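Just below sit the structures, each encoded as structure tokens.
In the two complexes below, chain A is the common chain; its partner is chain B in one and chain C in the other.
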Partner chain A sequence: MSAETGSTDFHASSSKALLDPSLRANFRRAMDGLMAKRAAQFPDPVEWDALRTLAASIRARTLAKLPALLEALEARCTANGIRVHWAETVDDANEIVLGILRARGAARLVKGKSMVSEEMHLNDFLEKNGVESLESDLGEYIIQLDGETPSHIIMPAIHKSRQQIARLFGEKIRGAEYTEDVDALTATARRVLRRKFFEAEAGVSGVNIAVAETGTLVLVENEGNGRMSTHVPPVHIALMGIEKVVEKLEDVAPILTVLTRSATGQPVSTYLNLISGPRGPGEKDGPGEVHLVILDNGRSRIFADQEVAATLRCIRCGACMNYCPVYTRVGGHAYEAVYPGPIGSILTPQTEGLAKRHDLPHASSLCHACVEVCPVKIPITQILVTLRKESAHASPEFLVKGAGGGRDRLEDLAWWGWRMAHVSPLLYKAMSLGLRVFGPLLKGGAGPLKAWTQARTMPRRAPRTLHDLASEKGLPDA
Partner chain B sequence: MPDARERILGRLRAVKPHAFTPSDFSIVETKTWSPAARLERLRTAMAAVRTEFLDAAAHDWPETVRAFLVAQGARNVAYGPATEAGRLLAAACTRAGAPALVPYDRPIEDLKATLFDDVDAGFTAVRCAIADTGTLVLWPSPEEPRLLSLVPPLHVALLSAATIRDTLLSVLRDEGWAKGLPPNVVLVSGPSKTADIEQTLAYGVHGPKRLVVVLV
Partner chain C sequence: MKPEAVYFFGTCVVDLFFPEAGLAGIELLRREGVRVIFPRGQTCCAQPAFNCGHHAEARAVARVQIALFPRDLPVVVPSGSCAGMMRHHYPELFAGEPDEAAAIAFAGRVVELTQFLVNVLGVRLTDRGGPETVTWHSSCHGLREMGLEAEPKGLLAQLGNVRVAPLTRERECCGFGGTFSVRYPDISSAMVADKVADVVQSGASVVLSADAACLLNIGGALEKTGAAARPMHLAEFLWERTRER
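== the complex of A and B ==
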């Protein structure tokens, strides 16, 4: 990231990632595995199409009724005893969480996996304020130990090999010996985290789906750490983006089936945790307090622009990154964003602004693989193209933050010249002549062709132009 | 000055409502099986993720469970003493050689250390099951608390084959879940697992290491 402008350079970070053979091997292996498992879950193209049409319709209906659904969710949750908080920015959300913890005197926190908490950089914020915030999802725990951020939204430690994890555990965990045995590594994490669940004074989780009809928070997981974080500590704080709501409880079923099958190739996750309130009368366990923090962080702005609002249909399955040829080769960290891959490349420029993140809409070959596997039919490539266009030339009705922020005057001039040459026959002839005379002098790897020839062979010019050949055949000049 | 809630909702309300088409659930609704096929499907799906099955007769399942727990060397077994299944299990465990039963009859604050450190197994009933995905529906209550099926390393779950339904959608529609849910409902499809290290499947990470379904 450039210190002066705050803008990032995907080209530079991806070039660096491409030179790391172990990173590339780790991602290639993982993505091949995830693609094969997902493909096996959708053997029937007719069923797949009907399912994603249904899931997309549910998510589109959510967006069509969003303000009313959020109000209904708040009302139902409140009636169920869940306290609802609203946050416009990540700073507000962090303060809300800290306020809840301070009120309870809680200084030890366990966390289930939550991408919204990554958006908030919640761990850093809480550590600075004297609260231990421990990730309990195995992948999140691994990267927290190593001071890293997730490289994948579902498999956060996918960039690490078992040898790297074995070394990390050996160095950072007291009493852990170096072992490459996955069962032994898992057992070590279980031993450490059991104590932490036992001692925790509060638990934080994300929300996969919030149901307006019943005031229910749906959490999907395999490990049991989500249940531990939400049922053992006396306080549970759930974090969600404003788009995570659905209208009816029955809407949950189709979303879940496409979510788990798309994400990890599982017909269902091990646990589906439906939370509709704190510990009830007579109940022996469960948190005495459940809080729901509803975060905007730029989402209402995305919602306002119908051309890009489909971004908010996302259910965070990660299939778009698993299938992305760019993501597979450079990994998640090259995007320098909380959400990497195709969904991140449309989401991040909209939340952080195109002025800062105009590199990301170009982090794609527009091959369409992401669109083909998206279970809620987000037109990712179409939105990428819109963002590229609006990054260079903001149209007045376009609402995304920082539109026009990726404008390059030299590029504008070049395209203007190109356009002029194609509307004036005289200029076109002059350009042909110029290219014939000066073209051979242009060398790849330098000057205006440098960017092009870095990864491509130098184009070869035909010895004679089409115009010449046509007039030789006696075709009239139009 | 409006608060965060009003500002967020205000921005959302200011937008012309997005278009949408009604949802057609038929692709999910049409999934049905015969009772025998439902049982077969559930067993296959759950066994694929390392769930163990213990077949038992309706009249003597408590004895089957007792013998199993003894064979596994379980010393302390937590259960809900006020449930019908709990009472039947307790009756079977009065004779010599049975594991000690730990009644989960007080707040977790008074039982936490025992539950985390001394209990080898937790016993719960199952409300119903889902054939489509191989899933048990657990319905925690004051009589059968949430952590019974989560904290002990072995979870023994009593399932009546007659309660196996087709899909999650059919269960939540037929049982009228939309009218309101208890504070917690958990759907369980196997023992705890992870694939966070090199996509390699490992069982028993944070929740139960083993899930045993007692099928009657």
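== the complex of A and C ==
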């Protein structure tokens, strides 16, 4: 975010990110690894198509019944002993979490990974209210130590090199020596976190899938920290967006298989937690209380807008960012948003509004790499184009927040000129001739030409156009 | 079945910057005994305005093109991107408009050039050129909207004297993206710089693509950096190597 204006601008932040060669190398290397691992999991295009068609249809069916499924989820969870809380805004959600903690006098919290908690800026909020909130996912722990936000939704610390992490640990963790040995670094974090799990008075987690039929909260993870955060402290608070529900237990497996394979190239995650309620009578472990906070934060508005509602199919695998040539070059922080990359470029403008984030729908070359790998077939590029349209024009038909917020009169004029030159053969010919005569005089000094010529020579109109050549050859006109 | 005649939609970038590629595409078709009609006054598929969200302007331009290609003949396009626009996005662009049916009918007749050469005409090529190493850039819209991969590669494989040195990241975008290249010039420049480096490391003397817009971008960057490789549209390369002199 720009310090002077307080506004967000992907132009400035991405240009700045491009100047950092180590950042670019870190992302390139990491994304190459993730792409190779994912590709190895889907060797057969026919199987891939079948898997994603099934996953997409489950997500689409879920969204078609969303209000009813959420009510069913609430009823089923309540019957299971899970207390359900509804939050329209992130402020509401933060207050709910704080209220639960205050009622139990809890001042120490451990957290599993949760992107909804990032939307809420929960850690900052809790710190301000005197609650220690410690991230227990290794990547999240690293960036929390350094006062940063995630740069990737699955690999939050992917922008950091081993050396940077080694330095950070050496500086910030008492008793930690500088070492670049990954096992030693992991052991250091484990030593700190182990103690915290047992001291914590509450645990927070995200939710990958919530099953309406059974009131089950599904959580995938690889480090065991998710299980520790949800089972060891006496209170567990799960956070989810309204879109994470599915109808039946049998809907879970088809989603999980594309989720873990797309995200990290794993056929299954190391841990799979199915949480169906607090500790029952006679059970030896588990929290005494389980709370589920269901957050809207603009999702209902997306749900109501057929043009963009497919955005809510997302299962947060991160494959779109791994494959995005823009994300790979600028990294996640340049987006100045909770969700970076292609999914963020369609989600953030919808939740924050196009007046504020009309820069993001254009942050794509529309190469379709994200669409090709999305395991739930979100038409990301189509939604980007829709948002560009709704950003450039205000219309009562556009339901998106801040429609018309990116309108630029000069650009409107340019498109009017473009239209005139391309609807009239005569004007097109005049433009073509103009390019021939005046093109060589343009030195690429200003505006779009300057932008183009920073990396390329000026295009030169050919001496004779295809129209000229076709006439010379005597090709029929009709 | 081979049609007696086809329409040729040259695209604006080919018309203005790569006319030889357009003519080569026409000659490849005519050599197979197909009459090629080139409606004068054709301009642009309207993709630039469509992709930028200026759909009224895009529709106005698309409408003029549709009217120029009235007969029930294939519309052959030497660009995966423009073909993808006309074939897949015209129906969406005209949804709910009075001429929606005409747009859908037109879209159904649009075929990309190499797909027409291979899948409809089944061309067999005889290589008459000397040994040459080339590389292939699979343009994003051709690849991901039109499924263009087997056809251009199959045509290249028919040339006995041509070696194809693959790019390390053949499927990665060159950074053009229409107005993206001038809206986000730093990102676009970084992308095309990587593409140029990839072309150079391949050792190829020519970088081929079935999309002139990518060639405008990659070629301009090759020239700016003084690299020896030159850009060429696949149609022009195929025609130049196989025509009888």
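Simple rule for what comes next: the second predicted complex is superposed on the first by the 416 of 478 C-alpha atoms of A that agree within 3 Å, B and C clash if a C-alpha of one lies under 4 Å from a C-alpha of the other, contacts with A are read in each partner's own complex, and residues count from 1 in each chain.
Please note the rule applied: a residue touches a chain if its C-beta (ideal position, glycine included) is under 8 Å from a C-beta of that chain, and two chains touch if they have at least 3 such contacts.
Remember, predicted model here, so these are calculated numbers, not experimental data.
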Touching partner for A:301 - first (chain B), second (chain C), both, neither: first
Chain B versus chain C as contact partner of A:159, first or second or both or neither: neither
Partner chain(s) touched by A:61 [first = chain B, second = chain C, both, neither]: first
Which of chain B and chain C A:50 touches, first, second, both or neither: first
Residues of chain A touched, compared between chain B and chain C (which is higher): B
Which of chain B and chain C A:268 touches, first, second, both or neither: first
Which superposed partner A:313 touches (first chain B, second chain C, both, neither): neither
Which of chain B and chain C A:111 touches, first, second, both or neither: neither
Doubly contacted chain A residues - partners chain C and chain B: none
Chain B-touching residues of chain A, taken from the complex the two chains share: 26, 29-30, 33-34, 47, 50-51, 53-54, 57-58, 60-61, 63-67, 70-71, 74, 80-81, 86-88, 92, 136-139, 142, 155-158, 160-162, 165, 182-183, 185-187, 189-190, 193-194, 197-198, 213-214, 216, 222-225, 227-228, 231-232, 242, 248-254, 256-257, 264, 267-286, 294, 296, 300-301, 303-304, 306, 309
Complex interface listing, chain B residues touching chain A: 3-5, 7-9, 11-28, 45, 49, 104-108, 111-112, 116, 132-135, 140-142, 145-147, 150-151, 167-169, 172-173, 177-178, 180-200, 202, 204-208
Partner chain C, residues of chain A touching it in the complex: 10-11, 14-15, 18, 24, 325-326, 329-330, 361-369, 371-372, 382, 385-393, 411-412, 415-416, 418-419, 421-423, 425, 428, 432, 435, 447-448, 451-462, 464-471, 473, 475-478
Residue numbers on chain C that touch chain A, as the complex places them: 8, 10, 12, 14-20, 22-23, 26, 35-41, 43-44, 46, 48-55, 57, 60-61, 63-64, 92, 140-141, 144-145, 171-173, 175-193, 216-217, 220-221, 223-224
